[in-house]
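In what comes next, chain A is part of two complexes: it sits with chain B in the first one and with chain C in the second one.
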Partner chain A sequence: MHKFRLSPYLFTAPAVLLFSFTILLPIVMTFFFSFYDWNGFGTMKFIGFDNYVRAFHDHIYLLSYWHILIYIILTIFLEVFAGLFLAGLITVKLKGTSLFRVAFFTPVMLPMLVTSFMWRFVYNSDFGLLNAVLKFLHLDSWTNVWLGNPHTALYALCIVSGWSYAGFYMTIFYAGIQRIPNDIYESAYLDGATERDIFFKIKIPMIKNLVEVALTLCILGGFQGFDLFYVMTNGGPYNATEIVTTYLVKVVFTNGSIGYGSALAVVMTLVVVGVGVVLNMLKRNGNETLEY
Partner chain B sequence: MEMSMRKSSNSAAFRLFYYVFMSVFSLVYFYPMIWMLFSSFRGNSEIFNKPFSLPAKVDFHNWSKAWQIGKMSTYVMNSVIVTSLTVVFILLFASLASFAFSKLKFKGSKLMLLMFVFGLFMPMQSFFIAQNYIFDHLHIKNTYWALILPYVGMGLPLAIFLLKAYLDSIPKEMMEAANIDGCGNLRLFWSIIMPLLIPSLATVAIFSSLNSWNELLLALLYVQSDSLKTIPVGLLAFSSKHVTDYKLLFSALTIITIPMILIYIFFHKHIVSGLTEGSLK
Partner chain C sequence: MKKAIIGLAVLSSVAALTTGCGSSNSNENAASGNTASTNAGATNGSDEKFTIRLADGSPGDEVLSVWNKVKDMYEKAHPNVTVEFVLQDPQLYQTMGLPSLLNGENAPDIYFEWAGDRLKTRVHDGFAADLTSYLEQDGLKGKFSEGNFVGMVYDNKKYMIPTDSQVTNVIWYNKKIFSKVGITQPPTTWDEFMADCEKLKAANYIPITTGNKDLWTAGNWNAHLISRVVGEQAYADAMELKSPFNTPEFAKAMSYMKQLWDNKYINDSVNGINDDEGAALFFNERAAMYPSGGWFVSGAKDKAPDMEYDYFNLPTMPDGKGDQGSVIGVLEGYVVNKNSKHIGAAVDYLKVLESPEVVTMLSQAGSSMIAPGSEPETDPTILKLKDMMDNTKSVVSPPDTGYNLEVADALNSATAEVLGGVSTPEQALAKLDAKVAPLKK
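Presenting the complex of A and B:
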């Protein structure tokens, strides 16, 4: 009997202890560090909220949120809406669509690092595929140093993100569309509906919940991106593609400002959690109006 | 009658348009990967001058050179070790915990579960600064553990929720019957719960292994010694050493990509459902 009461804690202990040590403890410590002026090994000087005040005057830090916002808005179109469009295309009632489904998902399988390198070469100004295509089409004046130009670099990154993830969202939507009962389509076809009508009036409304989930994933994921930005531009040129994480790595690991970096990390965590809570509330409200 | 005639005549033009459009579109979509493959067979000057032609010959010389110079076997081995240990720990710890959360009543279970909910929403940026500091002081930086520990910690919340959701759907009577038979919790877990969990464990294993296989940020920060680098960081190091030797870089990228594509082709149903389920919950 004694053994029976003890065992639940033994079952949860490995997971709870490991999670506390690797994730919870560092979160608490980061919060604590953020009130100090500290480079990691010298003396820690308590400075209250000074790091936070500095963060809100840090031009590059604020700019990196602006870049994340642009990135999120564009990837909503290039990933979620493009995925929706692809899902519509591959669920048309014709043979052979599964081949296209497999094809569009393939980029999801590439490690983000490989994708980033490959596209760095596609955008390369000397031998890159994109400039080669433009020259082939006699559009020489359109050729560009895509990643070296502050006006094009961020958009170039968004396109790569879209190429990489559209197939992922397509697959989520595909699974939802497959669950729509067949007789709904049949009666629609009998009423003379075209594939376009079916896409907008049946498929999209029926998977509205999945679209909401996908938007949440895309928005929250937008804050977490790192590999793509680090490999393709590492924040450059002239901070034109700086995002919070690339900047954090520079502040903490290049400049050694652990205290200030921690404050930047805490602010970002609060932003992500805040956005997550707002999105959840929006979703709940939306569902309530639907059910009544 | 009229309806079906209209439908079929519509389809003929539509079908042609559809197949032509989709074929062209997927070719464009795929082309960067084809270009990468072709470039891996070319010489450096050919890469600059003939971007569209087929490679002069299919020559694996670049590949073997990239494999050797790039120390790829070391990186691949490191990735295999880190990923497999990570997945084993996640599966073991998460299934033990989710069993307790789903089927046993005990004080503090709600609080512990809440902690993992919290973990689901925490971005990596919220902890890596202090984690780096802790690992530095415990001297586990530059070991496999510097990667395995955080990967397991990050993977646990989602794994626990997926497995718990599955266990919740199994009727409690089954456990009670076993308990009356004098089955202890541990035996109940091994002989009844584990076999039932296998499909869900496969799902968890798929997204956990892809996550740790591809992870870059922590691997970049915690491992400096070249002999311990995983594939992503190894490729980065390789690329900064051979900045302009494009044929070798293309070869290295291709070598890393091909096994992923093969795995995908063979297991695409499992992988697709593993990845989508993993992100929807």
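Presenting the complex of A and C:
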């Protein structure tokens, strides 16, 4: 008969309790609050699924998912593909590429808050750098209220995100490309391959796993974006850059609507989990990696 | 047996953690503010040592230094009492900060609050002590007129000790620019106001600057304008969801904001920049007018000490149903927590805060105090603002301090859309009604 031993339970208890109190309990409580009309204090009123019904009729909340989708699609190009391109450039055997490696990576080292404040100055329509440069080049008609115009604000934010993170993905890809043995390149050169052929037919296929990881990070990271949006536009103008996290903060911390905010958070969690599962399935289906 | 042992282990761990959380919580609360403690012996008839906790949004350095003096004065007179400040970022304090503190383990004994709907909520939730009898005691009696208690009285009981009154919106103007373009008197009617804007625009000035990224700046101004057009009661009824927003009267009121955008009388970056960036356009003389509150005076002293400025109240609106001499503003003060074990001591502390010497020190630090000071106020702009507030027949509550925050946010968003030219008044108001519909329960 299996003898019961207490020590394994005691050894795991701190970790289990820590996980329960910091992760599990908040999740359970958020789910619980989502069925109540509650302002964080005072009386809690049970309202069943009303908060969820309200969420699915909340135009701004639904719009915020659309904004996240646009943000993810654009940042895939501006961060992952741009990172891939930069990694390709800095691994070309030319002098001075290490300088560019440092230059492209520098924005990654800046905290997003600093980056956001800096770019707010760049985009400022009255005193900002971008409009000043355009005016200097006599391109006055191109000047714009970049962060105050609902047609440009979201794209302006995506550019900042790309500027900040392209270097991060470049570093990941650079590390992967560095691992490719030199004899593969030498054989390719002997066969008459150009740098372009090497990039598309050797480097990219051989770091496919890293590209997949980068895409997953970029997609799931899109749902976690907050600081950039909060500092630069706080969801404005007219909710044109509202994403789920900025809207959640408004609902919970500005409007004091804990119950409704909890329902929004639960829906967002389900969406993120759903996206994660789909990505995982897609990854499994196309799991053909070149060995080296 | 096996289950019992596991259960016991889990229970004791939970108990240990809970105890840990409890004690760390009290430390955390103390650490969240500027805490200073001095303990001394008792002199006020009781040896019991205790702490009075006062919660507020972080003030400027000058006001904080006065508060520390008040604390020292009080602790000297009551050596058994320690005064502790719990200060938070003002934005956080105004939203979720104060409710969290009130529901925490070490809830404050005294807390800052705005009169009106917010105070009413505190009274309803059992966090406000009835101070009617205390206000009749020496040290407080006779300091305030009945008008100073607007929004502080519920069921004939007074729940707040007023400290200051704040005009939250007037239109500040640059006297030099006005005289340069030939405006000799500030406008008194909307039509005159528009004519002046046209003159300023023609002279290549931005007539009005506002940084409305955070919505409350133009929201505050437009709420006043709405109340002038539709009437104070109609404005209050809509804000309290007793009547819809999307009515011809509200649309007419909103159309004045549209007029500003259509005629390019407001900075085109209005919804893309924050209040400070909006003010910068005024301080560097690119814009001639800047709608803001009484706090502008202290900001101008720092940022544009040489600027010659003055203000005018919102001009009278054509066919307005409201009081055309109304002022938008708030009365502010301190509430004593009903659950405090030291209500008497808390009131004693507030008596020191309202003493003439302290009132004078606070006034000199930029606060617009209600209680009389030991020296008369000399700043002409502050005196003029005070006089305007004291003599108006109607004080209009701003959306974000007088009413439900969700409704305020919805109205402010509608204002931004119209002021930024992306929605017509009717569209914005229809959207506003749809947004607040779930709140009508």
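Quick note on the criterion: the second predicted complex is superposed on the first by the 272 of 292 C-alpha atoms of A that agree within 3 Å, B and C clash if a C-alpha of one lies under 4 Å from a C-alpha of the other, contacts with A are read in each partner's own complex, and residues count from 1 in each chain.
The rule we apply is simple: contacts are C-beta pairs under 8 Å (C-beta built on N, C-alpha and C of every residue); 3 or more make two chains touch, one makes a residue touch a chain.
Note that the structure is predicted; figures quoted are calculated from it, not measured.
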Taking the superposition on A as described, I'd like to know which of chain B and chain C A:Thr30 touches: first, second, both or neither. first
Quick check on the superposed pair: does A:Asn209 touch chain B, chain C, both, or neither? Answer first, second, both or neither. neither
Of the two partner chains, chain B (first) and chain C (second), which one does A:Tyr9 touch, if any: first, second, both, or neither? both
With both complexes overlaid on chain A, does A:Val92 touch chain B (first), chain C (second), both or neither? first
Superposed model, chain A: greater residue contact from chain B or chain C: B
Look at A:Thr269 in the shared chain and tell me whether it touches chain B only, chain C only, both, or neither; answer first, second, both or neither. first
Once chain A of both complexes is superposed, is A:Phe21 in touch with chain B (first), chain C (second), both, or neither? both
Once the structures are superposed on A, label A:Gln178 by its partner contacts, choosing first (chain B), second (chain C), both or neither. neither
Let me test your reading of the model: by the given contact rule, A:Thr254 touches which partner, first (chain B), second (chain C), both or neither? second
Let me test your reading of the model: by the given contact rule, A:Ser187 touches which partner, first (chain B), second (chain C), both or neither? neither
Under the contact definition given at the top, report the residues of chain A touching chain B in one complex and chain C in the other. 4, 9, 14, 21, 40, 126-127, 252-253
In the complex of these two chains, what residues of chain A are touching chain C? 4, 6, 9-10, 13-14, 17, 21, 37, 39-42, 54, 57, 59, 124-127, 145-150, 153, 233-234, 236-239, 250, 252-257
Residues of chain C that touch chain A when the two form their complex: 1-2, 5-6, 9-10, 13-14, 17, 92, 95-96, 99-100, 102-103, 121, 124-125, 213-215, 267-273, 277, 280-281, 286, 405-406, 409, 413, 416-417, 420, 422-423, 434, 438, 441
With touch defined as at the start, can you tell me which chain B residues reach chain A in the complex? 3, 6-7, 10-11, 14-15, 18-19, 22, 26, 29-33, 35-36, 39, 47-48, 51-52, 89, 92-94, 96-97, 99-101, 104-106, 109, 112, 115-116, 119, 121-134, 149-150, 152-154, 156-157, 160, 184-186, 189, 213-214, 216-217, 220-221, 231-232, 235-236, 239, 246, 249-250, 253, 256-257, 260-261, 263-265, 268, 271-273, 275-276, 279-280
Residues of chain A touching chain B in the complex: 3-5, 7-9, 11-12, 14-16, 18-30, 33, 40, 89, 92, 94, 96, 100, 102-114, 117-119, 121-122, 126-127, 129, 132, 136, 163, 168, 171-172, 175, 189-190, 192, 194-195, 210, 213, 217, 223-224, 226-227, 230-231, 244-245, 248-249, 252-253, 258, 261-262, 265-266, 268-269, 272-273, 276
